[in-house]
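Shared chain: chain A. Partners: chain B in the first complex, chain C in the second.
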Partner chain A sequence: MNLLRRPFFWIIGAVILVFALAPAYHGNVELRESLLLATVYITLASSLNMMLGYAGYVNFGSIVFFGLGGYFCVWLMSAHGWPLAAAALAGGVAVSAAGLLFGLGILRLRGAYFALSTIGVIEAVNAFVTNFAPWGGSSGMYLSPVLFEPLGGARHALWTIYYLLVAVMGMSLYLSYAVKRSKFGLGLLAIGQNEGAASVLGVPAPRYKAIVYSLSAFLPAVAGGLYFFKGAFIQPPDAFDLQLSTEVIVIAMLGGQGTVAGPAIGAFLYEQLRGWLLTSPTFANFQLVVAGALLLAIVLFAPGGLMGSLYRRWPRLRGFLE
Partner chain B sequence: MGAVYGLAAMGITLIWGVMDVINLTHGTMIVAGMFSAYLLVGSAGVPVYATLPIVLVGGFVAGVALYTIAVQRVVGQAPLMSLLSTFSVNLMLIGMGTAVWGTVLFNVPVALPGLSLGRYTFPGTHLMSAAITVLLAGALYLLLYHTRIGKAVRAVSGNREAAELVGIPTRRVLALSFGLGVALACVSGVLIATLFPFTVLSGDPYLLKSFVVTILGGLGNPVGALIAGVLLGLFEGLTTPFMPVSWIPVIEFALFVVALIAFPGGVLGLRSARPH
Partner chain C sequence: MSALLEVVALGKYFGGVRAVQSLSFKMKEGEILGLIGPNGAGKSTVFNLINGVIAPDAGRVLFRGADITAAPPYRVAREGLARTHQIVQPFMTLSVFENCIVGACFGRENLPLARGREAAREALAMVGLEDRLDAPASQLTIAGKKRLELARALSARPTLLLLDEVLAGLNPTEVEYMIGVIRAIRARGISILMIEHLMQAIMNLSDRILVLNSGMRLCEGLPAEVAADPAVIEAYLGDPHLADSLRAGAP
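And now, the complex of A and B:
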């Protein structure tokens, strides 16, 4: 693997290591919870980035993968007694497969039309699950605390979930990196620049788009399974929260769309900012306003995001950070 | 009811057709119309239908302001940018709305006698809304097709650079169409407020419906939007006896995707298909 010889590969490894070790070293539960949220954000943002940044397709409904993954996992565990890891993975595979089928349909739409249809996807999936009796309809599903037993009780289970989420985050970063370095990624970037020209030059655009849509569904779905298992409760408004979907877009744009490190940095910064906003009395109600203002400012004045401005200032950074 | 969907969609179809910008604040602008009607009726005691001109002017001003702040810089760029910028404005507006009013239900009380026709009774508010919608659609049609301004708008919509070359102040025309689009959204908000109770978050379903109507009616076509709106209203009326109301978004969305894939130029196809 020539990836192994690149410094960026090891930078990702170091980040994962810090995530895994920092809270354990201090035994700090508060830090763990904060980092846990960051791992979820990073997973969602770097998966979205493959659609948004590489292929140039805005997906307003990326949270659907997260929610559906959560639903699959919770349902498999509570109704069929599957173990956590198997249920979360099965959720990922199922959502990915659904994404592939769905992607072949709605990805025939281009640009803005696709973006609009993803808003529709979120509404439609939400309405569907709210009416779907086996998944508890609008009241959702609970997990019995007994399910935490195989993981050594609730306390121990929370640490296990955290490590699993760190692993998922690491996979999402490596996946994002590997895709960017591959021929497939080059095809996606070409689609993002000019889809018509890319097709003429022999990029199988419809197939690539469907694959990346489905690929960007997998890890968020797994993360969703773990996340909702942690809460032991899932219901449609939490699972298909348009606000979270939005935040993920803000994160990817903030860090710099189309880069591997950007979404991760963006996620980390946004998580800190959010924590500060939620606890400060003046801004607690205005979290959406701030997210909106931030996004507007980025779109209007710095469409390259943080990584874009870093690159402009220190072009040599391109060699290390991708 | 359907006529109001048509009116709501006219705003979006105008902006979309003229400047290729999809205004994601549309749903929130509809809600803004609802709330201005509520405030004007509640605190200033203005009769509901008298708020329409006020809201129309207010919406126009708001639209022009929105255009100058958030849209001007991204017109003509990749659709991604304008989507994201209007989306973020929408977030801010919704955030402020929920911070001020929360998400409780509001309604605007209207007393208007209904009209009985044999076995059926049409509520007065519905009839009034339909009448106003038809009136506004007519006015918009006249404006677009029988005035110099309308001619300029259509020219910019057809080819912006060429329009600029022949001396049309495209920026002003774009700001004007954006203002008009938002004003229409606000007015349709007032009319919807006379029919149903609403919350700060009611915009999304109407935004979705507006997209469906726009696609069905063809881009940038006010008359098509009106017809498609009526069709959608009828469709909803006909399906509700057979299935729970909560399924309607699923069906509408399916309709939207099928319509987009099958008829990229709009089902009513009055305008030639544009590549998307």
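And now, the complex of A and C:
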């Protein structure tokens, strides 16, 4: 089936266009910074969704991809003088490859055991990087401001990074959509529903799981590279933040795991909510309390998330939003 | 002619329990072989050993000449060996159609999505579910889910189909319908190995019957021979002389 003929394909295109154009109008930097965070959240949630929503594997360690991507990118730029785009892409490829190796190992576990092992992955990578001298150990790595020069200085570079992140977000949405509509995606959905039955029907579960784990690592790693380049600084607690990992799961479930639009909508809403809660100093980190309450409410009252509820009320919606 | 399926000295222990012991049998192309035996005889375990859900402790399984012993289930499926489960296992949130597309796309022919849809549609028509394509599998009745289980296996266009009690839990009308479906499947040249407790049905459908008791072969032969075998009657009824008395009492 041709994706180009489906309305949802163009809806994604429109969303990307709005993200690209809205802050450019009047050069609204504040809006750009808010949307930049949204692009990161959407990339993380859409990628995680392929694991969580399609294949049914809860991954608490998805932030490792983001953090490692950041480390690779910052290291390649500062120690080896790579240009930004090449460094970020190389980070994505390296983390994806590492994900494939890891995936073949830990994906032998199922259910809660897999979920626990992913927390182990976060802690292990965190401990490794904290003691890894070439990457600055526990004090991390800084980027020299000189590195912003090829992008036309800091002010211009921030816009470039934003557009690159919008592109990465767009790719994550299209990737998530293309996978869902593919034979590979159908196999993943079958695994998510009943891995034993899927296997008996011929779905090569071990290979598919490892591939989707690796695939779900790629764009978050690229986004991590861009994000930490923007901050010009990376250290283990920021890169491997279990809290952010958990928030991404909440986001995917809030929007509706297994749907393409859900995690994106969830990410956008959550980012807005978080921004609003963070502005109040009394409520420092209060968004976590809200995230916890949200998760509880979703699991109890709307297991299908926002999209699930929408579909139930308007089944016709399935033709437009997927 | 070489055998379609050849099981050689198959053995499996669960802890100290001997589930299957030195079981050997062969199946010819186009045949319906019935596998019967009392509860706990190891029939479903034999299925699990054949299609790779569990690995045997001893013995070999040859399918169309290739050794598939302990091959993972997805590889066995690709070889053209499909099966249904005694307890149906549909993908609940996927539609009836999608359930079958999975079967078609990952089965023997490894079809791309578009052609998988055709195969799925065909299989659903065979079991009479073509008007429920878009319903979520969870909405089907038990009889419907049983049909779906069968359609999903059929979508793979298998060479050999293992049916694990597809008639169990159905009412007489549904049983009648299902028997017709099984005959139609065989007419397409698909060989069938089936486990069934409904004696009348399996005696009618099968070309040959293999009787299993305590994981071992009790006897094997034509349905009429097996039904008259005192050992079989003892295994089922617990009294070898009951057969004689029954026969004596028969008109």
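Everything below uses one rule, namely that the second predicted complex is superposed on the first by the 317 of 322 C-alpha atoms of A that agree within 3 Å, B and C clash if a C-alpha of one lies under 4 Å from a C-alpha of the other, contacts with A are read in each partner's own complex, and residues count from 1 in each chain.
We adopt the following convention: a contact is a pair of C-beta atoms (placed from the backbone, for glycine too) under 8 Å apart; a residue touches a chain by one contact, two chains touch by 3 or more.
Nothing here was measured: the structure is a model prediction, and the numbers come from that model.
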{"item": "When chain B and chain C are modelled together on chain A, clash or fit", "value": "fit"}
{"item": "Partner chain in contact with A:L116 - chain B first, chain C second, else both or neither", "value": "first"}
{"item": "Greater residue coverage of chain A in the superposed arrangement, chain B or chain C", "value": "B"}
{"item": "Contacts of A:F286 with chain B and chain C, given as first, second, both or neither", "value": "first"}
{"item": "Partner chain(s) touched by A:L186 [first = chain B, second = chain C, both, neither]", "value": "second"}
{"item": "Which of chain B and chain C A:A198 touches, first, second, both or neither", "value": "second"}
{"item": "Partner chain(s) touched by A:I106 [first = chain B, second = chain C, both, neither]", "value": "first"}
{"item": "Partner chain(s) touched by A:L310 [first = chain B, second = chain C, both, neither]", "value": "neither"}
{"item": "Chain B, chain C and vertex chain A (Cα centres) - angle in steps of 10°", "value": "70"}
{"item": "Chain C versus chain B - closest C-alpha approach in the superposed model, Å", "value": "9"}
{"item": "Contact residues of chain A, present in both the chain B and the chain C interface", "value": "none"}
{"item": "Chain B partner contacts - residues on chain A that touch it in the complex", "value": "56, 58, 60, 105-106, 108-113, 115-117, 119-121, 123-124, 126-128, 130-131, 242, 246, 249-250, 253, 285-296, 299-300, 303"}
{"item": "Complex interface listing, chain B residues touching chain A", "value": "22, 70, 73-74, 78-81, 83-85, 87-96, 98-99, 204-205, 207-208, 211, 244, 246-250, 252-254, 256-257, 260-261, 276"}
{"item": "Touching residues on chain C, where the partner in the complex is chain A", "value": "51, 53, 72-75, 77-78, 82-83, 85, 89-94, 98, 101-103, 105-107, 110, 112-114, 116, 152-153, 156"}
{"item": "Residue numbers on chain A that touch chain C, as the complex places them", "value": "1, 182-183, 186-187, 189-190, 193-194, 196-206"}
